[in-house]
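Paired with chain B in one complex and with chain C in the other, chain A is shared by the two complexes that follow.
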Partner chain A sequence: SSLIPPQHRNTMASKRLLPLSRRAYHSYTHPQPPGPFTAVESSILSAAIPHIPTHGFTHTTLSLGAKDAGYVDASTNLFPKGAFSVVHYHLWSQREALKKHVPRLVGEFGEAGKGTGRKVMALTWERLRGNEKVVHRWQEALAIMAQPSNIPTSISELSSLADEIWFQAGDTSVDTSWYTKRATLSTIYAASELYMTTDRSEGWRDTSAFLERRFEDNMRLGGVVGSVGQWVGFTARAGVNVLRSKGVRI
Partner chain B sequence: MARPCCRKPLNLATQSLLYDFLAPSCFKTARLNRPTRQFSTSLRCLSSSEPPHPHPTPRAGHEAATDPATRSKPLTQAQRDFLTSALRVNQAGELAATLIYKAQTPPIVASHPHLRPLMKHMYDQEAGHLATFNSLLAKHRIRPTAMYPIWTFAASALGWGTAIMSREAAMACTEAVETVIGTHYNQQVGVLLEMVEGMEERGEEVGEDLKVLIEDIRRIRDEELEHLDHAVENDAQKAVPHELLTGVIRAGCRGAIWVSEKV
Partner chain C sequence: MNSRSALRPLLRATRFQCLNSPRHFTQNSVAHAESSQPTNHERTTHFGFETVAEAEKEARGKPVLVAGVFSNVAENYDTMNDFMSLGIHRLWKDHFVRSINPGTSTPSSSSQTSPSPGWTMLDVAGGTGDIAFRLLDHATNINASPSSTITISDINPSMLAEGRKRSLTTVYAHSSRLSFLLANSEHLESVSDNSIDLYTVAFGIRNFTDQPKALREAYRVLKPGGVFACLEFSGVTNSLFDAVYKRWSFGAIPLIGQLVAGDRASYQYLVESIEKHPKQEEFRDMIREAGFEVPGKGWEDLTGGIAAIHKGIKPVVKS
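Moving on to the complex of A and B:
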C-alpha cells in the first residue's frame, strides 16, 4: 500500500466500510448511480474472474487479473479485502446478469403480474447456474464470506439478490409480505447454493430437484399460515358483527 | 473546483492506465454522500449536493461516459435517501388513514346514518392515495416500512377507539391526523421543489418522475386538507377532551412519521 498516496488511503478504506445496499429509490429518468466498484477495480476484477476455476478465490487470482488488465502486480493493493473483492465482484456481476434472462421468462410465463412464482424459481435457477464454473471453489468463497469483517457485505449481497429476483419476476406487493418473500427466498437460495457445492449429478439435476422441493415446502407453509390467518380474521370479524347485531355498541 | 486531471474524458484504453493507478482519486467515481438525519433540515444538502468530483462515470450511462457536459446526472445519495424515506412514510400514512376510516365507519354510521356518504367519500379518496403510493413504492423499488403490521393494528385501534367514544371524537381524530399529514406533505413539496430548483440551476435534467411526484403530492395534500375541513364542519371542535385528544393524536402521528422514515 506504499504506492497509494497517504491522503487517499483513508477514503479508500472507509469506502469499503460503507454499507453496500444504499440502493434505495431506483430512478427511470436518471442514470443509475455507480456500483460498488470503480472503473479501475472493475477492470481488474473482471479480468480476474476467468482465473477463478484454476486458482480459486485467492490473492493469486487477483494478481493474475491485474496483470491481464494491464496493471502492475502491486495494484492488488487497491483491494484491502484481498480475495473477498473477487468474491464480491462475482456476486455483484452475477446479480446484474440476471436482467438478461427477464425477456425470455416474460415470453415463457407471461407479462408482469402473471406467473410470478414460476419466474422467481426460474431466476433463482439461473442464478445458481451462474455459479457453475466456480462451484468447485465455492466453499472457499463461503469461508471468506463468513469472516466477520465480510459478513455485512455478504448478507447485503444476499438480500440484494433476493430483492432483484422478486423485482425482475414482476412482484409489486409492498406490505409485510415484501419482507417475508425476500427472507424466504434468501434462505432457499443460500441452502441451494450450498447444496450445489456437493452436487455431482449430470446437469445439476439434484440441485434442481432440491430447489423445487424447497419452493414446494415454502408454498405449503405459506398456504398453512395464510389459511390460519384467514380463519382467525374471519372469526374475529364475524364475532364483532354478531355482537353489533345484538345491539352492543362496538 | 475540479482538478485538471478530472476534466480528461474517461478513456481507460489509453496509456493513462498506469497513471490511473498511481492517482486513483482523480478517476474515482462520485462517492456516496452522507445521508441527512432530518430531511426537513436537509434543504441545503439536497440543493447543493454536487459531489466534489463532478466527473461522470462510465457505468452511469453511455451519455455520461462519452459527454462530460451531459445534462443527465445520477441522483445523489442524499436525494435518493430523501425520496425513499418520503415515499415510505407517505405509504405508511395512507395505510393508517385508510384503516382509521375503515374502523371508524361501522360505529359512526350505526348511530349517525347520514354520515355514510361522507365517510365513504373520505375512505375512497384515502384508498386512492394508498394505491398511488403502493405503485410508486413498487416501481421505484422502495422498501415499505417494517412497522407495517404495528401501524395496521394501531390505526385500526385508533379509529375504532375514537368512533366508540363519540362522533365528535372521531371527527377530532380525523382533524388531528389530517393536520399533521397536511403539514407533512406541504413540507415534502417544499423540499422537492427546492431539489428541482437546484437541479435546474445546475442545468441537470429533472425528469418526468419528479415533476409528476410533486403534482401528485400537491393534489393529495389538498385532498387531505379537504378532509380536515369536513371534520371541522362536522363538530370536531366540539369533542369533549378536544385539546387532549388532538394533542395526543398529533404527537402520535409525528412519532409514527419519524419512526417510519428510519425503519
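Moving on to the complex of A and C:
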C-alpha cells in the first residue's frame, strides 16, 4: 500500500471493503455473490433460528443466538434492525435450501424443459414445508415485515423467492411472461403462506389443497384474460365499423 | 470543497490572531509561543488547525493543551454543548443510549436461580457523566438490570471532579455501580483484557492524540462480542447545509464563547477540532483497522451528519 499515493489510500480502502455487487440474476459462469449477511452475522443468526419456536421473532431470540454463538448480550448491537434480522435470515436461508430439492424433482418430472409447471408447484410446496417449525410464530414475522422500514427488503425477498423457484424449475423464458410468471407465483405463495398460519390439519393437507386450487385459478385466469381481450377487441372493431357506416370519419 | 474557499478569510484571521495573541491554556504563561515549531524527529498531531507535538512532556504538547481547554470549560461544559448544538446534544445522547439498549440479558435456565450479571460498561472521556448516568438509568429502569456497572474514565481531573459532584444528585451517589478512573484512553492499564461489555466514547475521541492507539486499546479491553460505540461530530452530508453549518461554527461559536464564558480560544479550538476529525467513512475504516466488525454501513448520521454514531463489535475468534 506504500505505492498508493496518500490521497487515494482512504477511498481505495473503503472501496475494497464494500460488499460485492448483489446481482439480480443467476449466472452459469460466475460464482454466486455472497448473501446479505457477513460471517459474524450468519453465525449469530443461524444460532438464533432454533430458538424461534420457543421465543418467536423477537430480540430475545437474537440475544439467545448471540449467547449460543459465543458472543455477549451487547453483541445484538450488530443488528440495528433487531428482530427483523432474524426474519430476514430465515427467509434467505429457506430460499437457499430449495436447491437441494432440485435433483429429486429432476428425477421425478424429467430434465430441464419438461414438467416445469409441476416442478414449480413441487418447489413452492417444499418452501411452504420449510416454514413448518415456525408457522405458529409466522404472524409475528409478517407483522415485522410489514413495518415501513422493512417493506423494501421483504418485497425483494418475496420476488427473489419467486425467481429462485422458476429458475430451479428450469424456466428459460425471455419475454414479458418472465415477469407475469414471477408476479403470479409471488401472489400464490404469499396467499398460501398466510393460509398455512391458520391450518390445523394433519400434514398440512388443507394448505396443499389450497395451493393446488390457486395454481388452477391461475391457469384458468390466463384463459379468461385471453378471452376477454378477444371479446373487447372484436367489440371495439365492430363499433368503429358501425360508426364509419353512418358517415363518421374515423 | 466550496466551503473551504469561503473559510479562507476566516482561517487567515485565526492564524493572525494566533500569532499575535498566543493561546494561554496552561497556568504558566507561554512565552515561547513563537518557537512552537516541533523538531523534525518529534511526531506531531493537530490541535485544531495548529500543528503541535504529540509528546506529553512538551510544554505545548497536545495532551497538555487539551487538558488546558477542558480545565477551563469543565464547569460550564453543558452550556458550551448547548450553544454548539442548540440543545440538540441532549437528543443525540438519548438516542445514542437507546440504540445501544444496555442492560439486556437473555433468559436461560440458570437465571431462574441466580440473577443475571448485568453489563460491565466503560465510558471513556466521559468526565461529567452525561452518558454514564443515562446508561445506568436505561439499564436499571428499562431493562431491569440492577447489577450493571459503569466506570467513568477521563484524562482530566477537573472533568472527573465535576462528574463526581453531579453523581451526588443521582441515585448512584455512593453506590458500587459507579466508579471513576483517571486515565489516558491510550493506556488503560488498570482495565484488564477482555473484561468490558460496552465501551462508549461521546464527543471525546476527536481530542485524543493518537486515535488508532485508543481504538486498539478499546479492542483490548472489550470482551469478544463486546461493543465499541462512539458518538462524535462528523461531516454534514448535504453541501448547502454544510456551508451554513460551517459559517455558524466558525463565525458564531467562538464569539458566543467569548461573550458567555469569556474564553474565545477554547471554543475556537473546539470548532477546529471538529473540522479536523476524520469523517464518517474514514473513521469507520479506522474502526475496522483496529479489528472491529461494523454493523451495516458502519455509522448512523444524526441531524444531517452534524454528529454520527459509529459502532463496532469485537469478533469472537473460533479456536
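The rule is simple: the second predicted complex is superposed on the first by the 195 of 250 C-alpha atoms of A that agree within 3 Å, B and C clash if a C-alpha of one lies under 4 Å from a C-alpha of the other, contacts with A are read in each partner's own complex, and residues count from 1 in each chain.
Going forward, a residue touches a chain if its C-beta (ideal position, glycine included) is under 8 Å from a C-beta of that chain, and two chains touch if they have at least 3 such contacts.
Predicted, not measured: the structure shown is a model, and the values here were computed from it.
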{"item": "First, second, both or neither for A:Ser245, with chain B first and chain C second", "value": "neither"}
{"item": "Touching partner for A:Tyr28 - first (chain B), second (chain C), both, neither", "value": "first"}
{"item": "Touch count on chain A, higher of chain B and chain C", "value": "B"}
{"item": "Contacts of A:Val40 with chain B and chain C, given as first, second, both or neither", "value": "both"}
{"item": "Which of chain B and chain C A:Thr172 touches, first, second, both or neither", "value": "first"}
{"item": "Which of chain B and chain C A:Tyr71 touches, first, second, both or neither", "value": "both"}
{"item": "Contacts of A:His59 with chain B and chain C, given as first, second, both or neither", "value": "second"}
{"item": "Partner chain in contact with A:Pro80 - chain B first, chain C second, else both or neither", "value": "second"}
{"item": "Where chain A meets both chain C and chain B, residue numbers", "value": "38, 40, 70-72, 75, 78"}
{"item": "List of chain C residues in touch with chain A within their complex", "value": "99-102, 104-108, 119, 197-198, 223-227, 229, 281-282, 284-285, 288, 293, 295-296, 300, 311, 313, 315-316, 318"}
{"item": "Chain A residues touching chain C - in the complex, by the definition given at the top", "value": "10, 13-14, 17, 38, 40, 59-60, 63-64, 66-67, 69-80"}
{"item": "Sites on chain A touched by chain B in the complex", "value": "3-5, 7-8, 11-12, 15, 18, 22-35, 38-40, 42-43, 70-72, 75, 78, 163, 167, 171-176, 178-179, 244, 249-250"}
{"item": "Residue ranges of chain B in contact with chain A within the complex", "value": "10, 12, 17-18, 20-25, 27-32, 57-61, 63-64, 72-75, 77, 79-81, 83-84, 87, 91, 106-107, 110-111, 134-135, 137-144, 146, 148-149, 160, 164, 205, 207-210"}
